[in-house]
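Have a look at the structure below, then the notes.
Per-chain numbering from 1; labels A, B, C, D and E assigned in written order.
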Amino acid sequence: MKIGVYICQCGINIAATVDVEKVVEYAKTLQNVAVSRFYKYMCSDPGQELIKKDIKELKLDRVVVASCSPRMHEPTFRAVLEEMGMNPYYFEMVNIREQCSWVHIDKDKATAKAMYMIAGAVARATYLEPLEKKEVSVIPRALVVGGGISGIQAALEIAEKGFQVYLVERNPSIGGRMAQLDKTFPTLDCSACILTPKMVDAARHPNIELFTYSEIESVDGYIGNFKVKIKKKPRYVDIEKCVGCGACAEACRLHARIPNEFDMSIGKRSAIYVPFPQAVPLKYTVDPNNCLTLKTGKCGDHALCVEACGERDAINFNQKEKIVEVEVGTIVVATGYDLFDPVEKPEYGYEKFDNVITGLEFERIVSASGPTEGHIEINGKEPKKVVFIQCVGSRDKESNEYCSRVCCMYTAKQAHMVKDKIPDADLIVYYTDVRAFGKGFEEFYNRVQDEGVIYRRRELDDPIEVKKNGNKVVVKAKGHPDVDADLVVLATAIIPKKDSKEFSRILNINQSADGFLLEAHPKLRPVDTFTDGIFLAGCCQSPKDIPDAVAQASGAAVRASEPLAAGKVFVEAISAVIDEDLCSGCRVCEELCVYSALEFDEKDKIMKVNDVMCKGCGSCASACPTGAITMRHYDVKQILAQIGGLIR
Amino acid sequence: MKEKFEPNIIGFLCNWCSYAGADLAGTSRIQYPPNLKAIRVMCSGRVNPIFVINALQQGADGVLIGGCHPGDCHYERGNYLARRRMAVLKKLLEYTGIDPRRVRMTWVSASEGKKFAEVVKEVTEDIRELGPMQHFRRENKW
Amino acid sequence: MDKYVLPKDNLSKFVSEMIGKYKVFAPVNDNNVTLFKQIKNPKEINLEFTNSKVPPKNLLFCQTETLFKFTPGTKGKIHPVDFDNGGRTVFGIRPCDAKSLAILDRVFKGDFEDPYYLTKRKNTILVGLSCTQPCLNCFCTSFNDSPASPEFVDILLTDIGDKYFVEVNSDKGKQLVKTMNKLFKSATEADGKKKKEVEKKAKDIITRFQKIDGITEKLDKIFENPFWETVANKCLGCGTCTYLCPTCHCFDIQDETTMTDGGRVRIWDTCMISEYTLQASGYNPRPARMNRVRNRVYHKYNYYPKNFEVIACVGCGRCIDSCPVNIDIIDVVTRAGEVKP
Amino acid sequence: MNNNPYQPWLATIDDIKEEVGGERAIKTFKLVFQDKNIQNNFTYLPGQCAMVSLLGKGECFFAISSSPTKKDYIEVSVMKLGKVTSALHECELGDVVGVRGPYGNYFDVKGWQGKNLVFIGGGIGQAPLRSLINYVVDNRRNYGKLDVIYGARSSKDLSYKQEFAELEKRKDVNVHLSVDVEEDGWKKFVGFVPTNLLRVKPSPKNTIAITCGPPIMIKFVIQNLEKLGFTEDQIFTTLEMRMKCGIGKCGRCNIGNLYVCKDGPVFSYKQLKSLQGER
Amino acid sequence: MVDEKQLRDAVKKTISRDDVKYVVGYEKGTSGFLVSPTFAFTPGDADKFIFSPLCVNNLAVYPMLEDKPPLRKGEEPDTRKIGLVVKGCDSRAIVQIIQEKGLKREDVVIIGIPCTGVIDPKKIKEKFPGQMKNVDVKEENEKFVITIDGKIHKISKDELLAEKCKHCEYPAPVLYDILIGKEIKSTKKEDYKEIEPLEKKSLEDKWDYWEKQFERCIRCYACRDACPLCYCKECMVDLLDPQWIRRSVNLSENTAWNLLRAFHLAGRCIGCGECERVCPMDLPLMKLNKKIEKDIKEMYDYTSGIDAEEKPLLAMFKPDDPEEFIL
């Protein structure tokens, strides 16, 4: 057995705290170590060459590299072995940067720890076994969850590459948050104008199948072979028959009596409705929570909508929820975001006073297609003094520490819209820091300031208070004179979708501490998740503006299309193996495996592993009462040897 | 002066959460004691109680098992299963006179670099206080 | 044979003097289990015992013994160990256990002498203690042995009331007594008579008897007899009988290592488990419990007598006392003798 | 020489020949004792065994497969089966192993002088026969007709291919190789070793037959030898057992009252038949 | 008192069935108070069957002990049933094994005995040491009536009763095909009093206690082999590669073995006490088993060997399992 040990200085990242030369000398004393070297950057080409040369000349059996986290460069070095004709699993990585040099100051101690870690790795390396990566074929279809701008973009791009896409949206129409916006910063394009053509494209694309008013019920399987159950909620309208004429909504007994969620409940709709006129698909949906027929079983003496629909006969109150199962190779998650509920910060007076609204409510008010047809009015009056408060629920340790990234600019935009529509209005913006980092942002901010909008800096530590003052409210901010305002607009934070947790479990992906879905690497794999074959786009991953969301969606689409195009993928070689001589057929493992990777062989009365299904977690191995199950690459010999090395 | 006792602690860290959390502590340069040496496993569910007992035999003064928070397991339930195993094992160890502070379990997510560092600090201090694990350490004298 | 008496008051002195010179092993009470252990003080001795749970063979043929140390690996080195050359006495060994050592000697001598056992054996003085209260399953008399036989010890002590009757059976014994002769008194004829009485009484207590006439030859004829199946059916395959047997001597050799050091270790093994004979190819010549139970009986009553002219059983009864399922060697062998070939 | 029979002498791996590949690979290791004195004093005869160990992995008992006529090394052929043999297979030139021995009895090479010899081997069972064959060939004029019958599952599984090729070139040794199943390019006998034996049909007259191989093969070889007229005391075989000590103490390898490591491994069929015990 | 005639009839009836291989029960032992497991292959064998308070063995171990040498070509495995005489605790072992799919219900014919408690062999041996003949033990009015060489001793049950019987909640078999006598109900409650003193000790005292015990272990594995639930084809301590535990007999390896044995039985041990009974070195193994039993009852409300449909304790979880110990 010949083991090569390579220690990376990582510039000074490692070398500053770990005495690399000393470690090299120490490694030489370890059993089976044939060569031990250090280099400035092991991951660089010359570094890799060093290893390759030794593999060739010294005929190394195993390679140990002590450098950064295996989550960074394990694939890099495995590729080195592979290139030299070695099995890539003969490689062992020691994390002496993230878990040693960066977290310890004392050079002696860090050096000692690095030695222990390397001793453990060398001991373990002796027992490493060659593994073959398993190749599985890929179902050439993709699933996109979420029909907002990110989802639409991703779906269109994958479809354009020639693969079939299922686009699933929980609302009756695709379009998402962007559809609710009036104009977009900083270019002031009309949001609907640029979005609706895309919506239509998506609906029309021969490779895209829309599942609106639908939700993901479950996801099983693995990259290349996901089995997805989609729950189609009953619309009570046959979308084949509905032509979107709207006669039913006009006829509805509750016509214009139900708050329309799309208009942030400022506008009203019927119990049978489309969320907005440009909805895609333009098909009506019965609101089961309000429809008299569905709620009480009785709508006067007969249902007026059915009557209005007449011969088309599109309304069907007997529709039931349907589960559709689809199989896809990859999944793009674009589930979007929710908005912070300012009720949680009572000092802003939201819901207490009509004069206090959120940014998105303002969008609906200012929108030409909104409930006020674009007239900015509050209780029927045009406001003359408008206050914008930023960072409501963002950059605030009590609610969300992060910056929501879009509020500064949309507030500027909204201020501009007010100025545009009510030129004599006084505008004050309370800001924390104005973050105008995007293309054209700073210019826009300057323009708005030039338009006479007053920016007042607020300190987050001194909460702004909004109090009643007759028909108006008074905004009190420390360090500034009080302002009597007709309208207060709160820039509420972008927060993770309410059901993110549940959803991340369905998909078996992670959330970061803030609750957004977690990318595989913040820098290098920003659209991947830790589950192979599942990718992220848009605000489900973190707050973003439209261009960023679209860019990420394009990225996710490319990532998701790669396996589809390749037609096959390699899946984790780490899987369970069963020693048939030891297995007693107790089937404990069958019980606990989430992936159904273990099957009972009726003939031999023992368990068998399905390599491809197995994800290599190892729960079965530690539960196996007879020790019949071992985990490839994490087997008992390897682990016990590593323990021995770590505490020698 | 007698040198301060530096405990040897073995950490079994799950690849997806705790190991990533430890990495994050690194990228965030959060300092913690160097006594814990990590073994990367795919899931805390991989940690067979025998590994723990073996580590103590081989001379570890303590063992820390790090997994994902309940519900966050990359493999859905590995951490739940580990939790049961460790609950039973810890009680058994305590009953035989092994201080329960020597075998610890923690939930550390990929975003909890700070928590990871704090946990390591706490565990190290606890075990430092307990002194070397001598109960059934292998003597290897032959 | 020299005969003395040792007043009971002098016993503690006798032991103390031995402790000053040798490693002394004696029966002690370890949580209600009698075991031979090294003692530092005569007070540790417990003489209220019928026999020790584990036979004192473990003092010479240790359950775990390092054969040598080494630096592991393919570039390794061997580091021999020093044999335990120090003088030792086993105080309170029963005549049956002493006989077992004489039986074990034959295995560990031979063409290849076992230095670990023999070095210790050579330096060990056996100070025997007659058995006056044989236990339920004692049957040494079946082999014409006596619970008060000095044959296999260096010195035998027999409790004859207020003193011990001392029989010195070897040069080693003589040497020992000589160095502390003021503790001993010459034995009178009455003392000798008393010993005989005690011995007779002890023999009479033994009610269990194993028929061993011509057993070796009888066994030759019934190797394939289904009788062995019936015996083995209830066997659980644990190692209790063999571990507690004073003549069993099977062992396993294992390498144990850390990253830097290692030792080749010899550990007691038991022929009662399947793994014992399992070959690397997967083939097992003794696959069933029947094979193993039969092997144990044959080893003691057939193979051993053929090789060494002595039955490898001393009638201590330990295996009967401790067998979880009452496989009773007295009963098994007696019945085997009656089996029609 | 130390007088501790448990303590091996160190030997260096001087050469490794890969005989057979695959799951149950066979390699022949050439071992040279580090101490010249030991090497010179390590005298043995064909059939005898040695305990070879890897420090840290354990010991294994092997028939010495080299001929005693080669003085400056010994060879053992190792099939990859368990922990120790697998570790041995990973060894490289220059690696150090422990060796103790020689152990057991041997083929009666003196007594068989002037006789015809038939060697019947299968698979790894050829190892002890190889020692004997090479010994006999090196002392060729002392012996009569020599027939070597050897077979394996396929040509890939045949050990000592090169040596057989050399042997086949000699006029005074008859080599009869076989494989169990038909394969491309195999022009010699196809069938099991016992069948090949019947085909070769050695005369029992003044002949000793020595067989070693898998138990099932030995069983049929002996049956066929008897068919050919060989008597019980003309047939010899060597046995294999699980062993730990090699010196008749640990108690594993007994067949009846005999210990394979001490009283064997060479037994005549006559002896074997009279032995009562598991094997 | 168990009607031995009824028992023998049941054994006869069972062994007379074509689909039964043999019946395992108890017979009188070879000496003293010993009782021996016995096998009936023919109806005639049934006459030696007995049941007395000395019948302490858990015979559920036998179906799991069957030697399974490889079948020869064309040979069919003998799949006939095994008849078993069981007490309450023994029957729980059967249930637990069925739960673990080690046996199928139809593999066994269970002759159940409502058990009123058995005698601890160690206690009775201490009480009546030395040589004896013609021993008989009966139960009468809450007393054990012990006859030795014609001499009768009446001893209160409590004095000789095995510890496990003192708190037995399942004296009647939880699963049986034939019941000998009437079903009985337990009035007892397991309160784990016997481990409480140890639980309350300081850590040092606990280790002091266990160190002395583990040190004594000779690793004969009788505890394992007598346990009906230790039926792995190959026990992990016998494995060499990987070697979980070294074979050396010393405190470290002995402790590891004893902890692992106990842990391996977590949620599986049914408390028959065989491990402790057969231990030649008198290790208090039940103190370990009972502790785990208590803990899992408290933490997971789980009792083993009651319901054959239950899932294995350590192969399942509840999201709200206790986790105060987690950092």
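Descriptive notes on the structure:
We take it that a residue touches a chain if its C-beta (ideal position, glycine included) is under 8 Å from a C-beta of that chain, and two chains touch if they have at least 3 such contacts.
Values in this document were obtained by computation on a predicted structure and should not be read as measured data.
Note on connectivity: the fewest chain-to-chain touch steps from chain A to chain C number 1. Among the remaining chains, the Cα-based centre furthest from that of chain B is the centre of D. Ranked by distance of CA centroids from chain C, the top chain is A. Averaging Cα coordinates per chain places chain B and chain E 36 Å apart. Centre-to-centre separation of chain B and chain D, using mean CA positions: 52 Å.
Averaged C-alpha coordinates put the centre of chain C at 31 Å from the centre of chain E.
Between chain B and chain C, the centres computed from C-alpha atoms are 46 Å apart. Chain contacts: chain C has residues 72-74, 252, 254, 256, 258, 262, 265 touching two or more partner chains. Shown for chain B are the residues in touch with two or more other chains, namely 49-50, 54, 58, 71, 77, 81, 85. Listed for chain D are residues 58, 82, 92, each touching two or more other chains. Chain C meets chain D in the complex at residues 67-68, 70-78, 80, 107-108, 110-116, 220, 223, 249-255, 257, 262, 264, 266, 269, 271, 276-281, 283, 285-286, 291, 295, 298-299, 302-304, 306-307. Listing the residues of chain A that touch chain E in their complex gives 581-589, 591-592, 623, 625-627, 635-637, 640.
Put simply, chain E touches chain A in their complex at residues 100-102, 231-234, 236, 239, 241-242, 244, 264, 311-312, 314-316.
Residue ranges on chain D touching chain C, taken from their complex, read 2-8, 10, 53-59, 81-82, 85, 91-92, 95-98, 215, 240-242, 244-245, 247-252, 254, 256-257, 262, 276-279.
Those residues of chain B lying in contact with chain A across their complex are 8, 10, 16-17, 19-20, 22-23, 25-27, 29-34, 37-43, 45-51, 54-55, 58-60, 68, 71-72, 74-78, 81-82, 85, 109-112, 117.
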